[in-house]
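You will see subunit A twice below: alongside subunit B first, and alongside subunit C after that.
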Partner chain A sequence: MLTLTVDGKEIQAKKGTTLLKACLDNDIYIPNLCYIDGIEETAASCRLCFVEIEGEEKPVTSCTVPVKASLKVKTDTPAVRRLQKTALRLLLSVHHVDCKNCPANKKCALQDMAKFLKVGLKPGHLQHCLKEPEIDTSHPCLDYYTNRCVLCGKCIQVCLTHNGQPEITFARRGFNTVVSFFGTAKNEKDSCDECIRCVDICPVGALVLKSSP
Partner chain B sequence: MNPVNNTSSDQIFSAIQEEAAKRRKANEEAPGCKIHIGMATCGIASGALETKAAFEDALSQRGIEARIHTVGCIGHCYAEPYVIIDHPESGFPPIFYPDVTAGKAKMLTKLFLEEGDPRLEHILGATEENEMIPSVMEFPRFNLEKRVVMEKCGRIDPEDIYEYIAEGGYTALVNCLRRTPAEIIEEIQNSGLRGRGGAGFSTGRKWELARQTQQKDKFVICNADEGDPGAYMDRTLLESNPHQIIEGMIICAYATGARQALVYVRAEYPLAVKIVHTAIEQAKSLGLLGKGILGTAFDLEIEIFEGSGAFVCGEETALIRSIEGYRGMPRHRPPYPVEKGLWEKPTIINNVKTLASVPPIIENGAAWYREIGTENSPGTAIFSVVGNVTHPGLVEIPMGVSLRTLIFDICGGIPNKKAFKAVQIGGPSGGCLPEKFLDTPIDFDSLTAAGAMMGSGGMVVMDEDNCLVDVSRYFLDFTQKESCGKCTFCRIGSYHLLDTLERLTKGEGRETDLDQLQQLSEDIKNGSLCGLGKTAPNPVLTSLRYFKEDYIAHAEEKRCPGLTCRALIAFYIDLDKCARGCDACVGVCPTEAIFTTSNRKKGVDQSLCVKCGECVVACPPEYDAVEKVSPPGLAPIIERPPEPLAKKIVS
Partner chain C sequence: MIADLSADEEKILNDVKIRLAKYGKERGQLIPILQMIQDKLAYLPHITMEMVAQHLDIPPSEVFGVATFYNQFRFNPPGRNPVKVCLGTACHVRGGDIILENFERKLEIKEGETTSDKEFSIERVACVGCCALAPVTLIGETVHGNMAPSKVEGLVMRVQIEKEMKEREKQKNESGQ
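Right, the complex of A and B next:
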């Protein structure tokens, strides 16, 4: 066990864990979307889990930092909050905010973070922009809601880890990036029906079983 | 690996050198004259294939004996297609001719090759010092350059390994085979060579880290992805002198303990791919590559990997992913590729120019290299200078030369008596610098301090008629499309930057736009995962810093000071200058927006005008009557006469 200081408090962490996990395990909340516990190489794509570490010039993503003894960490500085708020606002600016009709309502990572960071669910200055098509229904048992997805990549990662060859993947580039069922054979129906790890891990309500709303 | 059995490698190589010297001598002593034609992609695009065919036709028609020698690019784009004619019998020195079209080729064959008149009005200069014709070396575009990496470009046939060897090629490799890897790395470290792919990381240190790792199966990758819009120096090197790069790769592999290497080159460079392929085959056939290089126990295979042309795949971790067959998305570093790269093996990734700098450093020593350039940025920099300059092209200069010298002395300054406005350095990751930075020395650290970046070496010079808001929009349009889509800031943030810039250029700016641009740019820079996102806001940040007035004019006055944003300009015809009865502009207008006024002059119907500017070009210079203004409201309203009257006058 190692001892490090977060927000003035000493916490214990196992060697080899990431700073993000160490904080979360000690009830210090850091906003995050793309981190999956137990997967060695984190995507570090959501850019929400910023913290400041003494000796580092700029905020760093805590999911990419292995814990070290004597780390001095702050999770609540103006620079950290500014980046987190901007990242969340950016995500919301392309999000179809329709909580009452979404299966993730009340267990949604975006709602939690918005409350924590005191960011409104409406985009503010940023132009609100949604993508087409709204829903990809091409999979035999899953539906994908383009404008709910935050592109954290967790669904792809769990599918890859579990099935070796993922049934879902990112497609297109830049702003138009989506998760796609590219290559999924129709006979995948059974195996997907039994697995649905992707549906379970989705932090929002972007991947849902066909029968649910 | 320890140096092994060098006497034999020396012997093997001297035999190759002898053969190279013999072939060279035979060529030199061959009767008749020699015509050297630049045949890299740039030359071919300007018509070098036609020029070559025209020479061949004319020579055979006239029964003249001459050798056409295809070479790479010498970097003088403004002169393409160019030829150098060496006609000893005429008594003249070798002469450099710019803009040699097929017609000119026929003319030169007849008048110079047959009749001995070099047609001095068509020449740029002689390529050797002589008593008769001024040498090209008298021009700053030639004599202020310092060629290390491009030294042999445009002089040798890239598809003939013997020509490279006859010019001293591969001696650095032979020299290295006599030394220990540690000694070679020390030499590179002492030279102070920094990576030319953009970031400027110490090459010696990278190699040393790779050498020290205990893991086996290391890789060397030459990064020839070159995705910046407007940058083409790596392509030129690959097409003009591939062996210098291959030699650099072999030395790198020997020094770091790698046994496999790859050239990652974009598939959009078909000629480069072909030439590198030939070069690898030729090097193999001479035993300079493959198993037991020059009789030593050192093996190396080099393969080519053709990338599909995504800008982000130039980023080293994305590049590795794409070779592995995945989507080209960067990952967090560390681990760096030297620790965990291709197939999880230690991988040394270097840029084309970095690797091409290695043979000259080994040959001449670290001290020689340090003499060139500055203390912290030794060596040379290669820029592709484009935009509003008289002599665009590839320029290799010692680090530390000022921007002013490069733009005004070497590249001939701004044409058409226009004033300098800005220079954009480093492509989409770089920044725009105003006049007050013209005396900034060109080196890694000074450019970064000014807010720009060495980047890969793209440089766009802009005169007063450029709009910096539009330039930022152009680069953001690029980075936004090329973002891999992985991380939030780059994927969505750059989209909003572009959206805001587009609104500004359309005159739909909002009060909050400038602040939002600034804040969002800072956040994207600090929040993104990889270099693409981290640097994508640079064009916006620097232009906001140095050309704020352009932004304010767009946002508040709906005015474009550079007169380029179409929505914010208008064309009108100055009735005092317009010549009665002339209708040069009428026919060129694609939308028939130009009408005849009641006193037989011309007017522009603003509701039809699409602002293509064709009428400006068509109006005869002696009248010069078409004016361009911003905001559009400044254009005087000229009434279109009622239809029947207009018809009567036209008929």
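Right, the complex of A and C next:
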């Protein structure tokens, strides 16, 4: 066990875990979207889990930092909060905010973070840009809501770890990036119906079962 | 996206299958293979991507992910008159995107798609090398410089009229013989 200081509080963490996991396990909340507990290779793509570490010049993503003894970490400096707020605002600027009609309402990672960081759900001064089409219904048992997705990649990662071959993937590039179901043959219906790990892990309700409203 | 293949395309597909066998199974071969297929078929049909996935032993979704990432790959067969709207720096500054939008509206397809009669397809390109004529559009091999939104309709009509004229002449020749 290693002892490190986070926000002036001493916490214990097992060697080999990441700083993000150590903090979350000790009830210190750090906003995050793409981190999956138990999967070592993190995408570090959401750019939300920033922290400041003493001795480091700039804030770093806590999901990529392995814990070390006597690490001094601060999770709520102005620089960190500014980065997190900007990242969240950018995510919301491409998000179709329609919480009332969203199955993830009240258990949505974006809502939680917006509350935590005191950021409004409306895009504010940023241009609101949505993709077309709104829903991809090409999968036999799943629906994909393009404008709810935050592109965290968790669904692809769990599909890869549990099935060996991911049925879903990122397609296209830049603003047009979507999660797509290419090559999901019709006979995958049963196996997908049984698994639905991607639906369970989705933090924002972008992947839903076809039968649900 | 799933288009039925014509008889000619079936033939080329068999050729592609033979060529595919000559490529190695390393992941690095993915893009060269896709380029070869596009070279032969002018686009990447659904079925070829599954063939490639099988050959390289990777998930089809990965092939699709890579292919959609790059602008050079297309998933619809090009039309007989491919419209290429330049969006290079000079054309962008002179309003190339408005020209693109006008073609999209006129032909009722989006960029990267082909009209249902296979006559036109729209593509965006980055600089065709005559920036002095910006904004530039290519229809087939013909360069149309100093484009304006008002010229779009005329150009499309011209292609259609030229086609009709050719057909009429052909009919005339046939009846004359």
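Everything that follows uses one rule, which is that the second predicted complex is superposed on the first by the 213 of 213 C-alpha atoms of A that agree within 3 Å, B and C clash if a C-alpha of one lies under 4 Å from a C-alpha of the other, contacts with A are read in each partner's own complex, and residues count from 1 in each chain.
In this text, contacts are C-beta pairs under 8 Å (C-beta built on N, C-alpha and C of every residue); 3 or more make two chains touch, one makes a residue touch a chain.
A quick note: this is a predicted structure, and the numbers were derived from the prediction, not measured.
Comparing subunit B with subunit C, more residues of subunit A are touched by B.
With both structures placed on the common chain, the touch criterion links A:Glu167 to subunit C but leaves subunit B unconnected.
When both complexes are overlaid on chain A, the residue A:Phe181 reaches subunit C alone and has no touch with subunit B. Subunit A uses residues 169-170, 172-173 to touch subunit B in one structure and subunit C in the other. Contact residues of subunit C toward subunit A in the complex are 49-50, 53, 59-65, 68-69. Across the complex, subunit B is touched by residues 41-48, 50, 58-59, 61, 64, 79, 82-83, 86-87, 90-91, 93-94, 125-127, 129, 150-151, 153, 169-170, 172-177 of subunit A. By the touch rule above, subunit B contacts subunit A in their complex via residues 310, 327, 329, 331-332, 480-489, 491-496, 499, 512, 516, 519-520, 523, 526-529. Subunit A makes touch with subunit C in their complex at residues 165-173, 180-184.
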